[in-house]
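When the chains are written out, they are named A, B and C in that same order, and each has its own residue count from 1.
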Amino acid sequence: MNPGYELPQDEAGYSFGFLDEFAKREIRRTLLKAISIPGYQTPYASREMPMGRGFGTGGLQLTLSLIGPGDTLKVIDQGADDSVNAVNLRHFVELTCPGVDTTERTHEATLIQSRHRIPERALTEQQVLVLQVPYPDPLVIVEPSEARRKVMHGEGDYSRLLTKLYEDIVQFDEITISHRYPTRINGHYVIDPSPIPRYDVPRLHQSRALVLLGAGREKKIYAVPPYTDAMPLVFDDVPFRIEDFRDGQGHRRACSRCGATDSFLDEMIADDGSKTWQCSDSDYCNETLATRTAQIEVTA
Amino acid sequence: MKKILEVRGLSKIHGQGCAHCYESTGPEMDTNLCPHCGSVVAAHGVSFELHAGEILGIMGESGSGKSTVVKTLFFDDAPSAGEAVFFDGEQQRSLFALNAAEQRWLRNHRFGMVYQNPHLGLNFNVSAGGNIAERLLMSDLTHYGQIRERASMLLARTEVLPERMDESPKQFSGGMQQRVQIAKALATQPPLLFLDEVTTGLDLSVQARILDLILEIQQELRTAMIVVTHDLGVIRLLAGRTLVMKYGRVIESGLTDQILEDPQHAYTQRLVASAL
Amino acid sequence: MQAILKIEGLSKHFQLHDQNKLIPSCANVDMAVYSGALSALVGPTGAGKSSVLKCVYRTYLPSAGRMLFRDAAGHVTDLAQASEYRMLELRQSEIGFVTQFLHCLPRKSALDVVAAPLVARGDILENAQEKARELLRLLNVPERLWAVPPATFSGGEKQRVNLARGLIARPRLLLLDEPTASLDPATTDRVVDLLKVIKAEGVAMLAIFHHPELVRRLADRVVELAPPVAVTDLLENCAS
């Protein structure tokens, strides 16, 4: 979106946050239900948004229904604040929600909308994380009928999903799911936690921040309320593993930009085929880099 | 011998049903299609009991309602009327009064089913071992190593080569698929097993071996079984007692050798006389 | 002495619905069987000798009469009225039947076929097989055949396997339907000796022999069955 472009609010009569008040009210009610039944995919009437389905319309509707003047919003896409998707969504909110601040700093935000990552820095009780979801139902790979999937969810019957994991171990000696790892919320419903990497799954468990998940195209909202159990689906004797960032010598790789050794790294392949690794969370990378620069200056 | 199952007045109507359905159908009327409303009376007034470790045969032609009986007992289908009590240790469970979750629990823990069509009993998208794993997972065993061990033991018992356990049953012969189904059904060591035309469509030599296997298992595990078939040979080999069904009604029941050698009902006499 | 089995007025006829016919088989049979004794049924072909045996075993449903069986505990059961479960119980523990034909599973070895009644009763397989070996040896079944399924055996071999299976569980009442029909004289002698031993152990027997000589050698009592009543008489009886 052209930053110089302004929505013609007056002529079109858009209300605060683009959505009309009835839409927001319905979404908020749905949210209350989703929070009351942790992990349950609550259906709602997903609205048309001025962007294509699949560009985060589910997350955006949640954000627009929740945000108010005084809130500070951060939008990230795969950890980065400056990718096209994140920039456009942020700009859309800036245009339609007068009085709302935006930020790139995780700790400043009250509301964080994210595509496929949970920020590195631990979230607090004062923050709400909104995740954009393409496919809300983890059972869709084993059961095509939604009616039957609903019964399976209701009865907590995830044996067929576990069978899929069993087959993975048989074939590849490990569970090969890299993203969207099925996760059991509060001991009952298993959710698709959106395409966050395995690295982020343990951070849903007993999270201090409220985590909301919105699927615009599939018209579902679900939630991981604060301080709620979120356990990845596993076998008793095959523990859940997160991504391994060790090099050939067994050393933990560091971010090539900020030097952090405790963050989720993106692999970059240069034109000559050489590989480097860099923090996926741009704010965390900047912060670590700033601290390190400050230290170097002090030493100097 | 302990009673394990008691069925009373089991009925199943496919269609809307009307007040005349029962009186207008059955062997005397020579139809199971109600002339008043067009509903199919698949079963009516079926009553029997089953003791622990016993094999009961249900014999009849296609459309006699024999499969309907086991389908309702296995909760694949809901009955229109009737009662079935399952005696589970000290507990008595009225099958049709249970809620869906309780029924699923019984299916997974206490009952086993082997279908004529392996596609109904097996998931062809996962391996043979995975099929057994699924059933074990349903009964809340979530230890990968133990699941592997149990699955390979069960497949060995049903004479499926353990080295083929990670192959899809798609690549198996019909007889092998039935063996995998039997292994899957037995995974939770259920006290009650339903066998619906399990050897129909198999080669005679394969049939004989499957029947052998079923009998061996019955003797080893003392599993009670209901065997549904139109094949008198299967009934003779497996069942101690037999029900004969026609147009949804039980027209005759008795000791299997008596049913086969001294049938009382005209229909059974014809059935026995026409057997090869 | 108390009879183990008392048959009173036993009749059996078959009603063939399709042909609308009544076929009489045996009529008004009265007899008793005692422990440690053999009662032989004699009479012309079609007199219903086999039918009596099958009625006692309940392979046939009797048309009329009583068959009072006194079990090991002293309880008397009318086999004509007994429930299916009661019959299965008695077949497993008290009443054995040796027929001319062998029905068994295609894959089971002769040894296991013979041992089966003991295994079904809950005996340990090894013990059952040991007893089966003993009997097969006694009945002159060549040892090389023991591990082979009997389906391929000759008539005489099959019959001996069948006999061994019928005798192994030592039922209190043994029904024998021409148990030596296809045996050579030497083996027949062995069978006769064996039956004498079993009889001396107190087993009651009800038997049909194809040869009068065998009746003479084994029977303690002989019951002559009358030829069947004419069909028309029966139909009239039924109609009245």
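As a convention for this text, contacts are C-beta pairs under 8 Å (C-beta built on N, C-alpha and C of every residue); 3 or more make two chains touch, one makes a residue touch a chain.
Source: prediction; values computed, not measured.
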Chain closest to the assembly centre - both centres taken as Cα means: B
Identity of the chain that, by mean CA position, is farthest from chain C: A
Inter-centroid spacing, chain C versus chain B (mean Cα positions, whole Å): 33
For chain A paired with chain C, centre-to-centre distance based on mean C-alpha positions, whole Å: 79
Gap in Å, rounded to a whole number, between the CA centres of chain B and chain A: 48
Set of chain A residues in contact with two or more other chains: none
Complex contacts: residues of chain C adjacent to chain B: 14-18, 54, 58-61, 84-85, 87-89, 103, 105-108, 119-120
Residues of chain B that touch chain A when the two form their complex: 100-101, 104, 123, 126-127, 129-130, 133-135, 137-138, 142-147, 166
Touching residues (chain side chain A, partner chain B) in the complex: 151, 154-155, 157, 159-160, 162-164, 166-167, 169-171, 234-238
For the chain B and chain C complex, residues of the former touching the latter: 1, 51, 208-209, 211-212, 215, 219, 236-237, 240-241, 253-255, 257-258, 261-262, 264-266, 269-270, 273
